[in-house]
Amino acid sequence: MEILAIIGAFVSLAGSLFLLLAAIGIFRMPDTYNRMQTGTKATTLGSLLFFVGIGMANPSWWGKLLALTIFIFITNPLSSHVLARALHFIGKSPLLKGSKDPDVRDDLEAVESLETKEGDLV
Amino acid sequence: MIKRFIIVLALAAIAVGLYPLAWGIQDAEILTEVANEYVENGADDLGAANLVTSVVVSYRGLDTLGEITVLFAATAGVTMLFAARKPKKSGQKGSLADDSRRTGSELLQTGADFLFPILWMFGMYIFVHGHLTPGGGFQGGVVLASAVLLLLFADSDRKMGHTLLQIAEALSGAAYVAVGLLGLWFAAGFLDPRFLAAGEFGQLFSAGAIPVIYALIGIKVGAELTGIVDTMRRSAL
Amino acid sequence: MADIIFNIAAVIALAAFVITFYRIIVGPELGDRVVALDAMTIMALSGITFLAHLLGRIIYLDVALVYGLISFLGVIAVARYMERGL
Amino acid sequence: MNITQIVLILGFLLSLIGFWGLLTRRDLFRMIISFSLLDTGVHMIMIGIGYIKGGTAPIFDEALAVGEAVGKVVDPVPSALVLTAIVIGLAVTALMLSYAVRVYTSRKSLSIDAVKELKW
Amino acid sequence: MEAFAYRLKAFLVLAGVWLILIYPFSLQELYTGIAISLLLVILPLPGNRVFAEIGLAPKRVFFAVVYVLVLIIEIFRANIDVALRVVKPVLPIKPGIVKVQTRLKTKLGRLALANSITLTPGTITVEIKGDELYIHWIYIDAEDADTATQKIVSQFEKYLEVIFG
Amino acid sequence: MSMTILIVMGVLMLSGGIAALYIKDTVSAIVAAGVVSLLASVIFLIVGAPDVAMTEAAIGSALTTVVFLFAWSRIKEAEKEKDTLESDSAEEGGE
């Protein structure tokens, strides 16, 4: 039992490192889309590992932790998608300031004609 | 400038007045007399594992009844304040009625459809287990309301049947009072849950009528909060 | 032994929480704040499960479930406001 | 420093922030936000008063047996009061917000200075 | 008949979630869960029809298990990718939005595809219109739609096509 | 340990409260107020009131934010309407 708890503690430690990674990503990335990239992925895995670790230390808690994990796996990417769509709608460009790759622009034009841009609400 | 000075002065006075309250205090070692009574006898008395639930539903049940009345009054007030304005017909000059709202993405709609029954079941889980876990009628009602909200977010043109809401609200309110009266007739007093068998402590079917009362509160709170939010959504100015 | 490592993990998660909170305060736009809010609530979920472990009460996990639902709903509300769907 | 003290101080400070916003902001929306902060602060004070040293939640399960609860659990009464107070807080906030929207549609401004009827 | 089928599937899903929520099983909880699930299935709730796309054939279940494993491996890869990007002094990013094709028609399948794309290395689903997904990519490798589709979508599509029919 | 978490959460909560008053953008202020509620709910959990924590998370944070956002979008719509009306009849602009 003790061994399992120690393994769980290390798994939780790994999870918290991923959470820290997400935080650093949100801190460092230059624009909102990229912040979202690190924010979504790293927090999902980090919390998954954290829950697995807690579940190893307390084996009778598996049910609720599993429910939490499933719930996070459905909702977290979905909220990221909705947020990305909203950002795109209000006209945030996904490109960095310096880079103007012509090839990238080609594919973007299809997207940018997708919706009219009226980004004055925010 | 002098106004701001007076404000700072007033806040400083409040802070100085509160200072001894916060500073000298230590962690209490013993409960107050009333709380001690509840903690010592609450579990044997009512059979509910969650003492907060015992207090909310039974010991201070009348408070909760009044509180639900306040909630109802607030819902009525919000409806009145918004419904005084007739929504303009779309197409009229200068109106930005519902038709200019953007519908949610297809994925959000699918996700909302998929999550809706699960969230309702989760809400029911919360208010049925009100006497065993930290949940309860208010939290469960909010979860029900937020499931409906998710549908409204996904599709902003969705029409909601307010008749159904009102029926649910009225029925659960009436049933709440009826259960209270049953307590008056078959047990010690109004809202006394002991007219049903106490059951085995810690199981789902225990604590007399507390799960029933909390479920009714949950349905009522859910209907009222849904009503508030949907009124604020529908009223195109 | 296990408790020490769990505490270290919790401290790291707390540090992540604080770093993310920076974006809520200064984040130049609404979108950044909402991204930070989303990440922060997931971190808080981990924190709540840790608290449940620390205090030894399984019942606190119910709070975590409601908390997760709530973070989802809040983010979607703000996003839908941004794209004028509310 | 102990937990009761910290929670009480946090509650007081949050209430003071709410008061400050309520008195200095002129925008109705900010005033309502300040009010909800004040609300949270008051709830925190009430919960802090009910705390018992080393207390845990007053819910019996495997981790907390019925007989030995006294001295281990926090006061359930403030919890119950705050529980209902939060719900009422939401209802009051919604009412204030609909009032603010009405003020905006009739006065075309969200500033509190636009509401002159009750001024003296 | 069809209505009965999707109601049965919805019932099974709801009962499963209930059983997960109340993990230390007891008979009373089971009865309550069945009652609540039946109530939710019988009521004319808006979303129940979505559950019709869930399949219970053995092949589908097998593919679902494989798909979950693949997804978890991809999530680990994504996080290592994020880690490598975040800790470098100069951020190695070249973001942009690309368009990819999907063959999936079922609603749940598309939702699962979009969620998987969001969880895998460097991509977020921004918009879905008809057969086309618009994806924010943190480091654009391939500009044309076919290569991008190959890189991002195909690995999940082949499982999801079977799982959600 | 719980003391540390309590103090950190409290400091963050207070700074969130101040931010809610002084951020220019109103919707950002609403989000900040929601964050205050979320942190308050963690604090309630630490002091042994999970019922209150659940209620605060569900109502204080989510529904309050949603209600604020609905009201704010109604005001935004009214503003739009006012602008279009004003530009239509330029001689009689409001305010």
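In this document, chain identifiers A, B, C, D, E and F correspond to the written order of the chains, with residue numbering beginning at 1 in each.
The definition used in the following text is that contacts are C-beta pairs under 8 Å (C-beta built on N, C-alpha and C of every residue); 3 or more make two chains touch, one makes a residue touch a chain.
On a predicted model such as this, the values are computed, not experimentally measured, just so you know.
Student: Could you run down the chains that neighbour subunit A and subunit E together?
Tutor: Chains that touch both subunit A and subunit E, as defined above, are B.
Student: Among all chains, whose Cα centre is located farthest from the one for subunit E?
Tutor: D
Student: If you tally contacting C-beta pairs, which pair wins, B-C or C-F?
Tutor: When C-F is set beside B-C, the one with more contacts is C-F.
Student: Where the centres are mean C-alpha positions, what is the separation of subunit A from subunit B, in Å?
Tutor: 31
Student: Determine the centre-to-centre distance between subunit C and subunit E, using the mean Cα coordinates as centres, and give it in whole Å.
Tutor: Going by mean C-alpha positions, subunit C sits 23 Å from subunit E.
Student: What's the distance between the Cα centroids of subunit D and subunit F, rounded to whole Å?
Tutor: Roughly 13 Å, centre to centre.
Student: So which bits of subunit F are touching at least two other chains?
Tutor: 2, 25, 27, 46, 49-51, 53-55, 58-59, 62-63, 66-67, 70-72, 74, 78 - these are the residues of subunit F that touch more than one other chain.
Student: Hey, what residues on subunit E touch two or more of the other chains?
Tutor: 17, 21-22, 111, 114, 125, 127
Student: Any chance you could list the residues of subunit B touching two or more other chains?
Tutor: In subunit B, residues 50, 52, 102, 104-105, 107-108, 111, 114-115, 122, 133-136, 138-139, 143, 146, 149, 225, 228, 232-233, 237 touch at least two other chains, as defined above.
Student: Which residues of subunit E touch subunit B in their complex?
Tutor: Interface residues on subunit E, with respect to subunit B: 10, 13-14, 17-18, 21-22, 26, 28-29, 32, 36-37, 40-41, 45-51, 107-108, 110-111, 114, 125, 127-128.
Student: Can you name the residues of subunit C that touch subunit A in the complex?
Tutor: Listed in rising order, the residues are 1-6, 8-10, 12-13, 15-17, 19-20, 22-23, 29-32, 34-36, 38-39, 42-43, 45-46, 49-50, 52-53, 58, 61-62, 64-65, 68-69, 71-72, 75-76, 78-84.
Student: Within the complex, which stretch of subunit D touches subunit F?
Tutor: The touching residues are 1, 3, 6-7, 10, 13-14, 17-18, 20-21, 25, 27, 29-30, 32-34, 36-37, 40, 43-44, 47-48, 50-52, 55-59, 73-74, 78-80, 82-83, 86-87, 89-90, 93-94, 97-98, 100-101, 104-105, 108-110.
Student: Tell me, which parts of subunit C touch subunit F in their complex?
Tutor: Residues in contact with subunit F: 7, 10-11, 14, 17-18, 21, 24-25, 27, 30, 33-34, 37, 40-41, 44, 47-48, 51, 54-55, 57, 59-60, 62-63, 66-67, 69-71, 73-74, 77-78, 81, 84, 86.
Student: Within the complex, which stretch of subunit C touches subunit B?
Tutor: 59-60, 62-63, 65-66, 69-70, 73, 76-77, 80, 83-86
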